[in-house]
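Paired with subunit B in one complex and with subunit C in the other, subunit A is shared by the two complexes that follow.
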Partner chain A sequence: MATLDLPILTIPPGGVERGWARWGHDYGSMLRWHLTSLRMWLMTIAVVQALSGVGFVLGISLFFSHIPVSAALYVSTGVPVINLLIVGLILGPQLVAQQRTAGSYDYLRTLPVSRSVTALAWYTVCLAVSVPAVVVSLLVAQLRYDLPLHISPMIVPAVLLTSLAATMIGYALGHAVSNPMLTNVVTQALVFAVFGFAPVLYPIAQMPGWLADVNWWFPFRHMAVVTRAALTGTGGSAVSTGYLVLGVWTVAAVGLVAWSLGRRP
Partner chain B sequence: MSAPASEWSFRVDDLVKRFGTVAANDGITLRIEPGEVYGLLGPNGAGKSTLVKQTIGLLKPTSGSIRLGSHDLVADPDAARQLCSYLPQAQMPVDAFTVREAIEIAGRIRGADIAQVRRRTAALISALDLGEWRATIGIRLSGGVKRLVGFCMATIAPGHLVILDEPTNDVDPLRRRLLWQEIRSLGAQGCSVLLVTHNVLEAEKAVDRLALIASGRLVAEGTPSSLKAADRNQMRLQVMLALGAETPPLPAWSGAPVRVGNNLVTTIAEKDAPAGIAWAADLIDAGIAEEYALGATTLEDAYIRLTSELPPDGLHGDA
Partner chain C sequence: MTGLAVGVALTADPIQPRGQLRSGLTYWLASFQAMFRFDLGRVRQWAAMLVVIQVMMGAGMVLMYGFFYPQITPERALYIATGAPTLALIPLGLVMVPNAILIQRIEGTFDYVWSLPAPRSAQAASAFSLYTVLALPGTVLAQLVALWRYSVHLSFSPVLVPAVLLCAVMAVTVGYGLALAIRNPMVVNVLVNALIFVVLLFSPIVYPASQLPGWLYDVQRVLPFYAMATVIRAGLTSGLATQVALSFLILGAWTVAGCLATAWVVGRRH
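Entry: the complex of A and B
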């Protein structure tokens, strides 16, 4: 039987590699790891996301015989946020919960890559899965309702920040909650809250005042504000505030991810 | 420029890890030199995994130090992850990968050059006789083959310290022998290997030195021969009892018996071998036993003796 006759491949003695070159290498490797480990599901998840987005857009016209353009515009510009939210809030925590259940969580935490690499590679995967659904949902909405969309370049930061906030909140949840069953319960509750009690698909003015006040402190309303503004070419102080609040949530979630990944009890 | 091998010794000094009031590691000190395969044996809950998890940066010691060469692994867990390779006891998450892909991606994540990774992947697949599964996706692999793939992932670009937690679990006997060869090969090429196992008999053949850990403490350490020294001039008498038979009274000249199922094992002095054979034959004649075997003592006997000498204050919990 053949035995190894190759030189051993130890890390260069004396040098633990750090710096941007290593970071870039690790990012590529971890992205490949994520994409390959999910390859049996990525296409399915992307298609289901697109179908659910299209379902929202078309489904609203089945509820009512006549849809005012303003209502169609509101729903259609909220659906991309739902796409980004669902992927970020559900996919990450469920993946981490599955890793915990399978016992591979510890191994993945011992890989020699920085926490920022792990998080950013995962964010890239979430973007890759959700952005096609965003595009398809908007295309179908435009075809169905002939919407007065005015897509501004701000759509790029709006989508990137909305997805980043959702992904990091989900990822933080997955890593911070050590019981996989509890993780699943919490993500289900979050999705329920987003659909029912966050002003993403309908105007905040239709909510009771106290619920609107509560929503100001959560990121979901602000995700809808910045994304809708970028899709309709509008602006204003609510948009600036939206970016600010989302920024704070993102920083907090990234901090929680970093703490959870580096935690050594 | 490589540092001298001796600068890469792995040193654990007075390591204590407490979970509440329970000391999972209670003052462990050990040293593994480059090239050495070091076995860590001990009963469930003895504190082996706690030691490993502190080394690789998953747990933080309550006190004490863990160093690899000039690196303080407790203070710098990033260095620990780069300098140590780790095969956990649980299966690797390779369901979506082909065997070749899983090993190569693991090598890339460990920072190795792609050409080297490809060459070494081919060599490992050949050495462990995994060629027929090279392009098979993980979900279709048996547990034993997955285990071997995990070994390849952990050692494709091995660190100065390679930690293997039960590497032979589920592996068939033929490939288990190949696996032990590769573990020895890691040592021969300069890695320190920390091998956690319950498989005492196989470890005896593969390790240079070993330690027995129980209740969070190192209770014995040495070469397999030195640990068996107390059993010199002793023989192992193994009796397979008949189904449902009570444990028969043992002769005064035999050691403490251990019964597992219908298997009764004891040690006797070499000079008592004829009496031992006669005693076992009488048991068979009386229908109490079905067969017996008399042979040299093994490390397992030393392991049983050492663990049975411990005070009954075993560690609680999953440590």
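Entry: the complex of A and C
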């Protein structure tokens, strides 16, 4: 009977727990963690997101004496894409950079929670903050321009994948780049690139050919293609290619996150 | 700095406070010079980056506006090209200067600088001059990029020199006053981001003001951004800009307001 005491001394209490119940419980905890740590911010971010989306939708008409329907349609279906990616791609890495500076980054890594759970909880938060802004922007666009929108069921995978790809790329950026200053510079440059140098808010034909080709390799053009297709009820080979490229980007980003979280600092 | 300290230290009685309060134009100029050297030394490691960011933002926006139009008519090209210097000056004054102030406030630089035996007006004037000088290369480069991209024909007039200088000084003083007058860094940050948004979309910098609804035009008449675009456009073209004198007045008023806000913060004890 004396041997029974030995394992209790050497094995840490509880051991490693696995299984769906544990996973679900952790997911709930991490979601609460994210929501609580951002509680002051989430409402502000959601409101700023909606306001900037509406601002863009309305402001673009000032660029033209009479805005063509196609231009209005492109902006109105592009703004939701920007709404979807800004929290995950831009605020996410900045938040991680902030956590690194504040020291809570190391603390979070010591929590007995699977990394996939933390990532998924963060994805949920990103989605929850951006979807209301998407709806508001689209509603205002519809009221202002009376657009020919035909929202197809494909909007669900389009929104989910666009947000997932952006969140995972942002997550990879935040975790793989260890210098907070560099993270901030890269994210600022990304905002600029997404607004101006990716064919999200305007047709790809309006940018020089070489820039369009460069954009093929980046995810933003494809995010716009899949979301716009779902909002206008169109399809085609570009849409399937878009899903494929976004999938590849997501997998690559998840791999990079796994690599940077898995190695010891 | 040496000129300020050495002469007195050798002869003064160690117990007595050093002389009476020094003032006068010569002293002010010497302080200004010393503070300018101090600021220059401090900003040296950032200067290149500031210029690069400014060029990227200014030139980047010039290119980016072109992508939004299905056809770039000669009129649109002219408006975008003549808006370029304004686009380069606004981020410097409204983003980079407030950010620099935020960092200085967090680092405690202000308390140190204010403790120096130099008039605070000379300290502020030195910062204004430094950022104005830093603003110019990026502005010129943004204009060159615009000329290359849109190949428009501009007719430069002497008004351009005072116009660009006043715009740069205005942007710097307003950014400086704004960042000093509002004590909460978060509020400054939010305000700056909102401003950039308003400026880039809702200000008639790269498009004619006639495209604005009436009430928005009235708002823009009070804000400095349309005035900046107007005076610079008056220096680059003939006949495109109207109400140039009024715009100069508006810019002057904003510069004075920025200086007053700075003077109010810098002048009081805390």
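By definition in this document, the second predicted complex is superposed on the first by the 249 of 265 C-alpha atoms of A that agree within 3 Å, B and C clash if a C-alpha of one lies under 4 Å from a C-alpha of the other, contacts with A are read in each partner's own complex, and residues count from 1 in each chain.
The rule is short, and it goes like this: a contact is a pair of C-beta atoms (placed from the backbone, for glycine too) under 8 Å apart; a residue touches a chain by one contact, two chains touch by 3 or more.
Because the structure is a prediction, the values reported are computed rather than measured.
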item	value
First, second, both or neither for A:F197, with subunit B first and subunit C second	second
First, second, both or neither for A:A71, with subunit B first and subunit C second	second
Which superposed partner A:P153 touches (first subunit B, second subunit C, both, neither)	neither
Contacts of A:G209 with subunit B and subunit C, given as first, second, both or neither	neither
Which of subunit B and subunit C A:D106 touches, first, second, both or neither	first
Subunit B versus subunit C as contact partner of A:I60, first or second or both or neither	second
Partner chain(s) touched by A:D26 [first = subunit B, second = subunit C, both, neither]	first
In the superposition, subunit B vs subunit C on subunit A residues touched	B
Common interface residues of subunit A - those touching subunit B in one complex and subunit C in the other	none
Interface residues, subunit A side, partner subunit B - complex	1-11, 13-14, 16-18, 22, 25-26, 28-30, 32-33, 36-40, 99, 102-104, 106-114, 262, 264-265
Sites on subunit A touched by subunit C in the complex	52, 55-56, 59-60, 62-65, 68, 70-71, 189, 192, 195-197, 201-203, 206-207
Subunit B residues within the subunit A interface of the complex	2-3, 7-8, 53, 56-60, 69-71, 76-79, 81-84, 86, 88-93, 95-97, 101, 105, 107-112, 116-117, 119-120, 123-124, 126-127, 129, 156-160, 178, 181-182, 185-186, 189-191
Subunit A-facing residues of subunit C, complex	56-57, 60-61, 63-65, 67-70, 197, 201-202, 204, 206-207, 210-212, 216
